[in-house]
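This structure is in structure tokens; I'll ask about it shortly.
In order of appearance the chains are A, B and C, and numbering begins at 1 in each one.
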Amino acid sequence: MEIYQTVFVQQTRGRGTYDIGSDVERFVEEAGVRTGVCQVFVQHTSASLILCENADPTVRQDLERFMAATVPDGDPMFRHRAEGPDDMPAHVRSVLTQTGLSIPVTGGRLGLGTWQGIYLWEHRTAAHRRRITVTVWGR
Amino acid sequence: MEIYQTVFVQQTRGRGTYDIGSDVERFVEEAGVRTGVCQVFVQHTSASLILCENADPTVRQDLERFMAATVPDGDPMFRHRAEGPDDMPAHVRSVLTQTGLSIPVTGGRLGLGTWQGIYLWEHRTAAHRRRITVTVWGR
Amino acid sequence: MEIYQTVFVQQTRGRGTYDIGSDVERFVEEAGVRTGVCQVFVQHTSASLILCENADPTVRQDLERFMAATVPDGDPMFRHRAEGPDDMPAHVRSVLTQTGLSIPVTGGRLGLGTWQGIYLWEHRTAAHRRRITVTVWGR
């Protein structure tokens, strides 16, 4: 068994989802692991990683709408507002979703289902640079 | 260290939870790993994997009731309705829970707590065939 | 590649978050893995593990407030009340967050972002002893 690791940066333009699947897939192919696991990890607490339906962009817009309704920006319940009305909601969204994803590697590629895409979900309204660690292990 | 991987299919009868613990446990035992990790992954974006209390079925019924109230089928907020009123809620439920679980392997068995069971949670109302990848690594 | 595993117990004083970062970090350093992954797993279905902003305690108080509002103790929707009004909400909170976290190991240390802390989130109001399995693998 071997293990490989890299870090890349995804520049965001503020709240929304960003397809990082091809960046992750490229590293898996470079690593040359045939059977194993790929772990993707975002080094932040106000952005998430999700596996989401990758065919109809409306799905991700609906996800955004759901989160906006469930964890409203500026909710008076929140006391932590150091960086504005979207600060605490971003942390809650991060905890309700995930900051790490483990995905099987099968036949030298990500073993995703047909409709699964890998997205970075930026929860802050401002643009950010998000650091993502990818680790691949197997044989 | 060694690594082993398999895929199995869980047939569902529609929305609800399905105990997949024995299928996962069997593969761990066949693999013969004593100390390691087992990763379970569902290749879909409208079903989840959860670790849940395994003694009282009411717990899983209450979970279902909670999700039905929190992410209502047919909510007019959702625009993605290609496959019906349960389509988008299934994607939201998937993002709010998990599509992958990593579980320690200890002494050649899944290192679960006494009350932890592994369930596939089908979020669509119709029956589906769900593909699940299990990867085990360790020594 | 090598793999190492340990179990430790975190005593809680009831609902709230408990910083377990130094316990996990210590085991990673003892293991001597330079490049790899650390998986932290809680053997219970009424407590969670989260990565959360580690600078301002208000963030974790706001998280608690959000959960108390979203999954209210004693909600009449819940039928599973064997251990009191916080029993079923604890299971729901567990499913909405995570019971396992995989974190990259980089340069012999946890590859966390600057503001990421590792917390056990006790969801029951009474004190509990929580068993946590830590597995580290890599080279």
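General observations
Please note the rule applied: contacts are C-beta pairs under 8 Å (C-beta built on N, C-alpha and C of every residue); 3 or more make two chains touch, one makes a residue touch a chain.
Keep in mind that what you see is a predicted model, and the values were worked out from it rather than measured.
Contacts with subunit B and subunit C are shared by A. Taken over every residue number at the interface, the positions common to subunit A and subunit C amount to under half, indicating a different-residue contact.
Computed centre separation for the pair subunit A/subunit C is 20 angstrom, with centres defined by C-alpha atoms. For subunit B, residues that reach two or more other chains under the stated contact definition are 1, 70, 96, 98, 102, 137. Within the complex, the subunit B residues that touch subunit A are 1-3, 5, 7, 39, 41-46, 70-71, 77-80, 82, 88, 91-92, 94-96, 98-100, 102, 131, 133, 135, 137. Of all residues in subunit A, those touching subunit B in their complex are 1, 35-37, 50-53, 56, 58-59, 61-63, 65-66, 69-70, 96-98, 101-104, 106, 111-116, 137-139.
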